[in-house]
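Order as written gives the chain letters A, B, C and D; numbering starts at 1 within each chain.
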Amino acid sequence: MGLKKPLRIGMVGYKFMGTAHSHAYKDIGMFFDLEHSVQMKAICGRDEKSVKEAAEKFGWSEYETDWRSLIIRDDIDLIDVNTPSNAHKEIIIAAAKAGKHVFCEKPLALTLEDAREMLEVAEENGVVHAVCFNYRYLPAVQLAKQLIDEGRIGDIHHYRASYLQDWLVDPKFPLAWRLQKEYAGSGAHGDLNAHCVDLARYLIGDFEKVVGQQKTFVNQRPIPTSMTGLTAVASDDYGDVTVDDTTSFLAQFKNGALGIFEASRFATGWKNGNTFEIYGSKGAIRFNLERLNELEVFLREDEPHLQGFRTILATESAHKYAGNWWPPGHTIGYEHAFIHLIYEIIQSMREGSTRTYPDFYDGVKCQQVLEAVEQSILTQAWVNVDSL
Amino acid sequence: MGLKKPLRIGMVGYKFMGTAHSHAYKDIGMFFDLEHSVQMKAICGRDEKSVKEAAEKFGWSEYETDWRSLIIRDDIDLIDVNTPSNAHKEIIIAAAKAGKHVFCEKPLALTLEDAREMLEVAEENGVVHAVCFNYRYLPAVQLAKQLIDEGRIGDIHHYRASYLQDWLVDPKFPLAWRLQKEYAGSGAHGDLNAHCVDLARYLIGDFEKVVGQQKTFVNQRPIPTSMTGLTAVASDDYGDVTVDDTTSFLAQFKNGALGIFEASRFATGWKNGNTFEIYGSKGAIRFNLERLNELEVFLREDEPHLQGFRTILATESAHKYAGNWWPPGHTIGYEHAFIHLIYEIIQSMREGSTRTYPDFYDGVKCQQVLEAVEQSILTQAWVNVDSL
Amino acid sequence: MGLKKPLRIGMVGYKFMGTAHSHAYKDIGMFFDLEHSVQMKAICGRDEKSVKEAAEKFGWSEYETDWRSLIIRDDIDLIDVNTPSNAHKEIIIAAAKAGKHVFCEKPLALTLEDAREMLEVAEENGVVHAVCFNYRYLPAVQLAKQLIDEGRIGDIHHYRASYLQDWLVDPKFPLAWRLQKEYAGSGAHGDLNAHCVDLARYLIGDFEKVVGQQKTFVNQRPIPTSMTGLTAVASDDYGDVTVDDTTSFLAQFKNGALGIFEASRFATGWKNGNTFEIYGSKGAIRFNLERLNELEVFLREDEPHLQGFRTILATESAHKYAGNWWPPGHTIGYEHAFIHLIYEIIQSMREGSTRTYPDFYDGVKCQQVLEAVEQSILTQAWVNVDSL
Amino acid sequence: MGLKKPLRIGMVGYKFMGTAHSHAYKDIGMFFDLEHSVQMKAICGRDEKSVKEAAEKFGWSEYETDWRSLIIRDDIDLIDVNTPSNAHKEIIIAAAKAGKHVFCEKPLALTLEDAREMLEVAEENGVVHAVCFNYRYLPAVQLAKQLIDEGRIGDIHHYRASYLQDWLVDPKFPLAWRLQKEYAGSGAHGDLNAHCVDLARYLIGDFEKVVGQQKTFVNQRPIPTSMTGLTAVASDDYGDVTVDDTTSFLAQFKNGALGIFEASRFATGWKNGNTFEIYGSKGAIRFNLERLNELEVFLREDEPHLQGFRTILATESAHKYAGNWWPPGHTIGYEHAFIHLIYEIIQSMREGSTRTYPDFYDGVKCQQVLEAVEQSILTQAWVNVDSL
């Protein structure tokens, strides 16, 4: 489709992800040459005081308190949704029907069925649809992708992924919305494994079958005074944790590789340990989000006495996006990947461009794997992903 | 039982493990004060020329070419068996029946049934029986054990283990005995996961249930001129690989922890990556055999601004066995753990001592887990370990 | 002095540092609650086309092509100077005389004499004066400072610093302004050691005496078509490199510590390796800018078996500034330190506040050490820093 | 000269180094094929009870209590001296005059003059003379040497070395012989910088000039009940520390490289941190003795997006000596380097062989650099090494 100039954004949500997305819209034009500039038109949230403050702080021109009003505005081209997961579907579908391009946080939906419906509606209405799998767009991850695509790693034998955090080890940590099934759908699985599954699909391809295990270590937590954010204050009342603290699973890929995945919010000492390791017939790759500027690469083509994992600081102009930032060795941070992803979305929106970002189809495929894992836990048996 | 002075050793096998065990017997008295010295009496192998050379090189007083002759000698107290796995059972059982103490390489046997029989015979004959789970006896692993036992790690939530090597990535690597089921029983699973399973049991306790996956990536390999060793020369003829190249599995422990295990000989870039990670309610531990002098420890009791994984160089006198070697920072190598294990066996053999080494019961329990994993692969379902 | 609302900025320079400073002004209000907001009033550069583009791209309201016009505008409160070093003095002095607060890139001046004059004029005119020693304001560096101030490291015995880059190893790299004495004053010494010297002073105090060595490995380089930036295109003509490629020196501090410093643009493999190590009677600290979110800390107060360097990810709310950004483990990048420094300047500008940022006095003291090193190279002998 | 079979060793000293050397003689034949076997003939020490115990424990056939008796025995071919440094000269000279080959611990002598005399006497008497610069013979260091010799690192610009320990940070650590000038000659300088200087000479060549600084942080320490070993028990009486706790220096090499060296026993957290870093026009190398199986290598010949320090685990058959030990990834320890060095000495002793070990000439050259540093501290000026 043709891309309007400038691209006018309306955003629903203004917490953690709302900040990250706002920052990306604000900074992108400073570091990337866009044919079509971005305009931060309006931000939307239910609490007027809070959303007004967010609008001012983040640099949105206007604010709305009802997303229904937002999505029908004719001065907005793209709706960005980063609310709690349970609200994604309704807003996205309404926005798509209103002819708006849609950009949704992950996980796309609470269920595979919902995700499929969202994809279908977006396709029917011919709008651009994207999912915020931001980690694909770190320079180090792009380098991993490039090496695999170039055949430098060879046939893939093993994919090992983990996303380890530890913010729930403290049993006094309150019952945030992310710990309640009705808002979040699932816990570590949907929040963290969603990233792992998407990265695996992006890097080595689709899943064949899975079998998993899941556990909630702390079943009751203090009810917070506010449901939002990770820093909510605890009260004296306790409520039920209705999502998983950890989910791990074995996987077999269509290309014959074996996989092993683990997400946890109880991995003491890890703060944001989204890692993957890929072992192939020609080389190997290791990544750890806590050192997001680095990629470890082993190449069997190196001379025997010189083989070893090299730690590549992906800050050279030879590394995708890195040249848009600072000189070599001047590292970037967590938020930069959002900018790169939004850059890809906007660039791809130009007439005739190839899509280079994760869309709702990717959201659906990710959901399918997550749901297959959950079914395998219910049935205590392997589940073929495509059977869902 | 009472321990004879000196303890006279007879050993069957003289390859990789034979070298490591011989070295341990040779050096132990130099660094450890033993009430009962060790005497390297006789080494046994079928090829007279080779075993004679080994005897001279390693410092054994005599040699034998038939293990049946060895085990009936009345000038020998303990039989050490480090042949290919398929020969363990017959020799061990005969030795135990001959009243000899027995020390066997892992995996104890090709099957759980065999392992149980070996345990039974050893117990019936009242001999000391030990299995060479050497990695327990690295100072860093001892430190891990100590911290867990002291309660410094708290309740265990996660156990992650891998044993990754890459010597089979080259499809031209020959069909050594370790790649043939009749000699080795299994591949990466029995060779590598055996260590992981034993360390897990040693550190956090017994397994409840498992589900696994397994694969052989290269199904035919050149037939070597010699079956022994890893460096056998390839020929033009190809034979079938009848064991797994990799086996991974999910596990649930009796203490409620969840586990994730992976062994592979196709993990490009890893040479001897026996790793474990333990995440508990109070702290965490990480170990990697490729840096065997180090243990990474995270303690939640540290002040908030000072929490981080500390890399402890386990070479202080405060670390078990380290004080017997060199000053702090003067690291030890792979072979030292064998010395520590043999030290524990000998010390425990004194009248009234508590056993401090892995015995055939541990060998059986390890085999039980390995076999449960294999059954889970056949049945494509979870298997309760105690059901075997 | 009282702080005007908002604080209106005028900036001279729009290249590497101009981008970093602009970004900081643009983003600061989004992550930090400022009583006095920042207004990006005007940017100044000699080339109208370029500065106009920069103004648009970075978000400055207006632009100027003559800094003399900029500094007399009465709608500007603070002049930020990040031109090549040779231009600092004239602009800063004029701005201070015009009653403008001044914020200058390092090194403050080409000579100690110039730096002292700049300090004197700023003081006489009663304006705020600050130097952009940005690295002080990384959370990990703040943690180092805190630990030292709390006495957790004890008496300091050793300070080891290096700032290693490798962009000049390629002899074809062109003769940028940073390689010419008339523009840059010195090479690795003024550019890189300036940071090391300031961090040392900030963390452990003043220098007593120094002795150094210096070398230019490649004496002629291609003359670029443009003097600015690091990526200038080479031509066929060669010109003389008139600054050092590397300068290293020994140092003795007033507190009795011994120091060792090295800056180089020929340290192959290092991209931006600004490192320091501090060894004290109670503990130790290590920092490496290439992993700027981490601080390594060793504490002798830890139990003997638990002593080791802990790698602290300084992204917790317990770490200064970190709480203003993302959840733990979501790392920040190079540019964030500028924001923190500007935050400190603005906060300190409030009536009655204590200065918490590096001012021209720090710029002078840094220059004094750098010049003492240069004198020691000329005289081939130790030089007392205070003798200059 | 012709090499007798077997090579019969007599050794003076039986503490830390005596243990390391004994171990090497004991194990060498097990892992290395020697044409000429080694015979541990007699060990010598003044205290009969202790030396008798050492002889039994280490496996020496006999013992002596007077080195004068040892060196005249006609059943001994080589005298190994690892006493406190002050005793080296007399024993070595007497042994050489008695026609014995000599192998001496470092530093060769207390003074350059003594070292030169030892070299002269050894040469006059036509005996083999070797100095125990053991660290040259780690596989990782051999790899460094190989890469430099192959030209893979290019012209050397920077050599950075440190040898950092922390056993003196505790002011209660007793006044061992290593802290007294009359026994040890110097402190960290002679003990630790001696290794750094030898490695630098071995790897990149000779020194041109130096300037240094030195300090003793704790000037009085408890007098121990026994002077030997590092674990001596403290008493209530205090004595003067008469050697340096730390010595650092700048260096310029004959090949144009700049160097920076630091040795300390006050570097809190470091246990045995013998490190070197070499930056050249084509590549770079980093080594740290606390991870002695690893070498970090950076090669500019790698493709731009793949450049990074690779961590090479020097345990492959492609790495010198590694193939004599265990399979890849099965790491070796501190003591193994002694075996390799002794192997080189013995191999070189064969008729017509090239010397491949450090001899007294290397001992003299090392002493010359150390003494030049000390003179530079006295004169507070640079000293040309060859002027001594």
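The definition used in the following text is that a contact is a pair of C-beta atoms (placed from the backbone, for glycine too) under 8 Å apart; a residue touches a chain by one contact, two chains touch by 3 or more.
Treat the numbers as computed from the prediction; the structure is a model and nothing was measured.
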Comparing B-C with B-D, the busier interface by C-beta pairs is B-D
By residue number, over half of the contact pairs should agree; on that basis which option among B-D, A-B or C-D is the same interface as A-C? B-D
Can you compute the centre-to-centre distance for chain A and chain B, using the mean CA position of each chain? Integer Å is fine. 42
Using Cα averages as centroids, what's the distance between chain B and chain C in whole Å? 54
Distance between chain B and chain D based on Cα centroids, please, to the nearest Å. 35
Of all residues in chain B, which are in touch with two or more distinct other chains? 270, 307-309, 313, 316
Residues of chain C touching chain A in the complex: 16, 19-20, 22-23, 26-27, 29-30, 57-59, 165, 167, 230-231, 270-273, 289-293, 313, 315-317, 325-336
Would you pull the chain C residues touching chain B in the complex into a rising list? 143, 146, 297, 299, 302-313, 316-319
Using the touch definition up top, name the residues of chain A that touch chain B in the complex. 157-158, 160, 162, 164, 166, 169, 211-213, 215, 217, 246, 248-250, 252, 256, 258, 260, 262, 264, 266-270, 279-284, 298, 300, 307-309, 380-382
